[in-house]
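Multiple structures are listed underneath, in structure tokens.
Paired with chain B in one complex and with chain C in the other, chain A is shared by the two complexes that follow.
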Partner chain A sequence: MPSNLSSDVIIVGTGVVGCLIAEQALDAGFSVLMLEAGPRVSRDTIVENYRNLPPRLRNHWNAPYPPKPWAPHLETRTESEGASYLDLIGPNAKAYEQGYVRYAGGATWHWAGICWRMTPDDLRLKSLYGVGRDWAFSYDVLEPYYARAEHAMGVCGPRDPALQWPPNTTRSRPYPMGPIPFGPGEQRLTDVAATIGMQNLPAPQARNSGVSFDGRPPCCGNNNCFPVCPIAAKYDAATALPRIEAKGGKIITNAVAYRVETNSQKKIEAIHYFDPNKTSHSVSGKIFVLACNGIETPKLLLLSANEKNPHGVANSSDQVGRNMMDQPKLVADVEMTEPLWTGVGPVQSSSIMNTSQGDFRRDYAGAMFRMENMARSTLGGLAALEKGLYGKALDQEIRRLSACTARLTVEHEPLPLSFNRLTLSDKKDWLGLSRPRIYYDVGDYVRRSATQYTVPLLKKLAIALGATDIKISPEFLHSDHIMGGTIMGNDPVDSVVDADCRAHDHDNLFLPGGGAMTTGGSGNSTITMAALAIKAADAIVGQLNHG
Partner chain B sequence: MVNLMHRRLSAKLSFLAAFSGAVFLCSSASARSEGATDQGAYIAVTSDCVACHTAPGGKPFAGGLALKTPLGTMYSTNITPSTTFGIGDYTEADFSRAVRKGIRKDGNNLYPAMPYTAYSKMTDRDLHDLYVYFMKSVRPVESTPPKTSLPFPMNIRSSMMFWNILFRNDRLFQPDLSRSEEWNRGAYLVQGPAHCGTCHTPRGFLMQEKPSESLGGASLGSWYAPNITSDKISGIGSWSPENIKTYLKSGHIDGLAQAAGGMGEAVEHSFQHFTNDDLQAVATYLASVKPVRDPEDGNTSRFTLGRAISSADRVRGDQPIRSEDNSNMTGAELFMGNCASCHNFKAEGSRDGYYPSLWHNSVTGASNADNLIATILFGVDRHVSGVEAFMPGFGGRKSDAAQLNDEEIAKLTKYVLDTYGRPQVSVSGAEVKLIREGGAKSPLLALTRFGMAGSMTIITLACIYGVFRRIRA
Partner chain C sequence: MRSPCTKLKINRRRLLLGMSALATAASFAQSRGLAESSGPPSLTDPVSHFMFVSRVLVPHELDRSVGHRIHGAFSDVEEDFDNKIKELQDLIIKTSPVDVEHFMPTLTDIKQKNTAMKIISAWYSGVVNGKSKDHTIGFESSLMYKVTNDVMTIPSYAKSAPNGWNSTAVSLLNMPSF
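Let's look at the complex of A and B:
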């Protein structure tokens, strides 16, 4: 039976962005209805999924989240799986194999929890360095929203301003919790990096450090933040779902939005979705929020093309789906003579950020360097077994590989490039909807950075750590930070949303999150997405209050 | 089930199910105001006034905490020296009458949720110091908490007059001169200001404490205040005085027990601030309390059951990767998915003791599952010496990140009892539901609702009998 529900605010997507907006709207007294394409699975099931995986699949972050046929997401365990959803083309297709999860709670299920703010300079690339674009506002405007996001999610971080990022800026509120101490591997990296002018900072992270936050326990170092924090010490949006329901919000799962309907006044009137029986339903409301991530949001807008909106909804600028960004990543697998012992504490807990800033950005990209802090025992065990060892020799080799190996990564700041574009593929999914096709080329700005700046620095860092062997990935990889597809700007001619993530074309449609980010910076995108979500929520509540 | 209901509804009903609600006091609600060094402040701490008279996140002693009792929800009152909303116009005599006799300045009766039957033992000196503290050092708060309105006929406060005739103890603490000074100090604290019996002593039909089973263990809303008599099997007779002191000071002893629920609050707000001499005195007195044996305990103490067993071995190897919840999760799977990440897959906890072992643990070794169920539902949040001991709830609150249902919690509880604790204890989803909802309701209420006349007759007869007995005595 087709249904037609109604609510003040309709939100598509139950990830961090959708959940932050839902809660704020509910707190302001408005009704909220959320649509989630995928299933709602409880933490204990996902934790046991992870632990039941064979060791060689443990590093596939999507493996504990098998997709439903109607809500596919990318899995990369085999070639055919890799080709089964995202239709990726272009010179760096591999660098856009984005591993998001279409489950209630979204991709924060397996995010690292890292919360680097963007810097004042990151928001002014065009005026400072003549590349990319300037944001619609300065850092001062964004700062209070960063602080609110840190307190909404529970971000721990250092009290010492010298260890805070961005440097030389004022914070309106301290982090709600102090930092998580370094494990031995991170401490060693910090000491070594300092000798070559690289400052390894304790990462602000949405993870409870020594104290509870919001009814969630302190981190106890299970060291599997991805693919899932087994105790919800790390914020993920799934933890917000019961609270949203307790406040009166309604969540419909297995509801795949496929069309946004506009009326003659260019307002959004309804969103149509399929249930798993392929029955179509619709929901109507006053304000509509598409928060289904930087790939699904532009896809949904393009799918909604009709006579009234020939290029898709919100797309009079032809910018929907363009400027797709992520930080192109290179990794170095390093062997050393001395033990480093990663694996104590969270899987990521620090980064080198000072390499992301500087005048060189006129010519090539800045970048963030870091070391994975995953325990290496699984990888070491598999590698030792492949060597055909057994008995005591096997034990010794597992120990050596666990202690004396590391993975260093460098993530490059992307530019918004209009040719990096999401369109609708002629290949269809299980429901008959077009799959997303994405052309991706990291661009010369990033390639120059790798050649002239980051790869030499990566090698230098590895050697300083005592590397006897360095293997650098032959091509750019993805960082899973999907940005740019519904780009923000003050000019409706070349951008999709305004400074509040409101669509220029439709004043009751909001497209907050990574898609709205004008540039990407070098750090992880979630805290900026969350800040934009809170800014959008203020605008939504204001709009509902004043009609 | 019948047995369970019988046990719950027959005797162990307490006005002081008080603590059963989700009771969390924020750090601003510390009893340590500026006058903390004076004697009255210390007496307020030993009497734990702040625990009930402060709402979560509220100002100290301003009242407003919702106390979920078997008879309905009560709200604690403002006991700051505000003349409009608090006790600012109380004379010392008024104050003493309220604290020790349960009568307000306006002559109305307090409900015995206020433990005046214990406070009645307090010395004049302590009462004086306490009065001075409240009048001089507590900041007046000019607001009034919600009014208590119990359902009829419990809203008739004067009915408490009869209860008082029967059960109020109007005698000050009487020292036993054959005992040491330390013992007498301990007895005074336990029976008087610290009001241990209010929670730990089982209650009779009219909710009076049963002196014959003093400190023998009692249900308290969702939680169970266990037997703390000197019995070596059912009580804490096997504990050393050091054990008792450490427990009261920290709320936690590896391999024995940890404080949650009302006891977690008592440690947080009261016991951790006791002087070492007073803790020693309490330990000395408790070691002498008449042993009470629960036949259900057989000959095994709740502290010695269970051992390390791998739960991981029971679930690995034959499980599919699921994209939806399995409604038939086994107890072992629930344990691995929800408990093992902190308590470890052999349930031995962490080496530093932050995560307690689930075997050799009073909660899993007890003869009833109440505290295990309540802990899973509501978690633990105990702040001692500025350090937090925390476990999340798994669905006791609607906003909890994990939401286990009644049957899942029953299955998990039974698995933990079978594997790591006392396997003879049975658990049902209905019992979980009852604890989730705050414990059993009083049969008094049912009686008065469905048979007002009959029950009042019984109560009246009981009162007449009691008065008669007193007169004869």
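Let's look at the complex of A and C:
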């Protein structure tokens, strides 16, 4: 039977952005209702799904998360699965195979936990280098929200300012926990990188270091941050959901939002959603937050087009769905004579960031370099078996291939380019809703960087590590950092949301998260998304308090 | 760590005991060590035959319960699997190989060699590949993880106490015993 529930704050999406806003609104005394398209699944179920995968599928991070028919997401185990949801086109379509899951808790289930802040220069690309856009505010405005986000999520990081990022800036609060120790692989990378002028920094990461934090245990080096931390030492939004309910928040799962309804005063009145029986329901409220990630949020706005909003809700600028960004990634699989030994500690725990900054950004993109620290024993084992070995030779080859190989990656900063655009596909999903169609071209700024800057540097780093064989990916890949589709700016003519992630067109609609990011930088996007969520939450609470 | 010589002696002893057990019922009583560790290789128990062959093909401690699952999966996906095991077993008894390195070159029949390699692969990878789907047999019991378990974490299992690991790199030559 159709229902019509009401709440002060309606939030679509239960990932990190939705959860941070929900808690802040609840703490301020307002009622909160959250809609989640996918199911709510326990951690042990996901861990069991992972362990029951055949080993060749264990590197497909979405494989332990089978989607429900009504809430599809990208799957990558086969080519046909890969084409079954996202309708990707353009010269770099493969670089937009975004790996988010539509489960309660969102993509935080299988994020790496890495929390690089953007730098002051990252927010002023247009002013400094004549490319991209400037943000609506400076780093000084964002810094306190970064600090609050680090404490809300439990981010550990180095105490030594020389090892902190961004350099030469002031932090308003220290990290709540000290750094996580390096294993042999990351220490070796750090030592080698230093010999060629590359500084491998211990990553700030939302992982409990040495102590419990926020009711979650300390990291015990399970080396499985993606696809799932088995002990919840890494922040994931799933751990916030019971707390939100304990504070009075209501969460409706398997509720696929498909229309945002506006009234004649251009206010949002309701969100309509389908349940798994294809029955339509609606929820009404005072403030509405769409936080269902950088693809689903613009898709929902475009799906809501009608006579009052002919181009979609919040889209008088025609910028909804444009400027889609991610850091185009290249990987180098290297083989060495000496053992490196990844697989000790978290799957990612460090990155080279000083390569992301500099005057060269007038001409080409900056980039972050890092090494995957996942245990390579699955890959080594399967590769050695493929060779038809047995006995002692098999054991020796598994050990060699596991210890003496590595994957280096370089992630390039993207520019907001209006032609990189999400539209509605004529292909429909199980509910009959249009699937997202995304055109993606990494652009000349990134291509020039790869040719002139990053690939030569990647090879130099690999050789310094003692590589005897280097295989670089032939095309750009995705980093799973979805940004730009509801871009922020001060001018309603060329942007979707204001500095608080409030839609220019509708003052009770907030679109926080990656979609609001004006530029992408080279680092992982989550901590910036979280900072924007907290800034938006301040505005939401303020707006509710003042009627 | 046990020396390679010791391991070889054990393998030979097991092999001889296994052959003896298959040869006469009376020898079951004399081979209590093998019987206790892996079950008596009775003529009517296909898993015992499978374990007997596996112990020649894979020079490590093998868990019979894992072997039971591997045997069950192969029986589902391989036609006439027990007869293939019987052929390998007969060959082992006939050639008395001291280890897998000596046994594999005696497999001139490509089908027998394929069966042997599939069994080795199943113990190491924890999966039996079927025509329409893969049968996952085990995870942490997969031998490929034990080869590096002195350093590398078995993914999703704890490495140590909180922050208890360090950056010490060990030699490739320090092969764990398992």
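By our rule, the second predicted complex is superposed on the first by the 547 of 547 C-alpha atoms of A that agree within 3 Å, B and C clash if a C-alpha of one lies under 4 Å from a C-alpha of the other, contacts with A are read in each partner's own complex, and residues count from 1 in each chain.
Assume contacts are C-beta pairs under 8 Å (C-beta built on N, C-alpha and C of every residue); 3 or more make two chains touch, one makes a residue touch a chain.
Note that the coordinates shown come from a computational prediction; the quantities given were computed from them, not determined experimentally.
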Query raised in the report: Is A:A305 contacted by the first partner chain B, the second partner chain C, both or neither?
Result: neither
Requested in this report: Specify the partner with more touching residues on chain A, choosing between chain B and chain C.
Outcome: C
Query raised in the report: When the two structures are overlaid on chain A, which partner does A:Y390 contact: first (chain B), second (chain C), both, or neither?
Result: second
Report task. Identify the partner contact of A:A63: answer first if only chain B is touched, second if only chain C is, both if each is, neither if none is. Result -> first
Query raised in the report: Touching A:V455 in the superposition: chain B (first), chain C (second), both, neither?
Result: neither
Query raised in the report: What is the contact status of A:I463 with respect to chain B (first) and chain C (second): first, second, both, or neither?
Result: neither
Query raised in the report: In the superposed arrangement, does A:W341 touch chain B (first), chain C (second), both or neither?
Result: second
Report task. Please indicate which partner A:S42 is in contact with in the superposed arrangement: first for chain B, second for chain C, both, or neither. Result -> first
Query raised in the report: Which holds for A:L382: it touches chain B only (first), chain C only (second), both, or neither?
Result: second
Query raised in the report: Of the two partner chains, chain B (first) and chain C (second), which one does A:L128 touch, if any: first, second, both, or neither?
Result: neither
Report task. State which residues of chain A lie in both footprints, the one left by chain B and the one left by chain C. Result -> 47, 51-53, 210-211, 217-218, 220, 222, 230-231
Report task. Please give the residue numbers of chain C that touch chain A in the complex, ascending. Result -> 57, 59, 99-101, 104, 116-117, 120-121, 124-127, 129, 134, 136, 139, 142, 144-145, 147-148, 151-172, 175
Query raised in the report: For the complex, which residues does chain A have touching chain C?
Result: 47, 50-56, 58, 180-184, 186-188, 208-211, 217-224, 228, 230-231, 339-345, 374-378, 380-382, 384-385, 388, 390-396, 398-400, 402-404
Query raised in the report: Contact residues on chain B for chain A in the complex?
Result: 312, 315-316, 319-326, 329, 333-334, 336-338, 341-342, 350, 354-355, 379, 381, 388, 390-393, 397-403
Query raised in the report: Which residues, counting only chain A, touch chain B once they are in their complex?
Result: 39, 41-45, 47-49, 51-53, 63-68, 210-212, 215-218, 220, 222, 230-232, 238-239, 242-243, 245-246
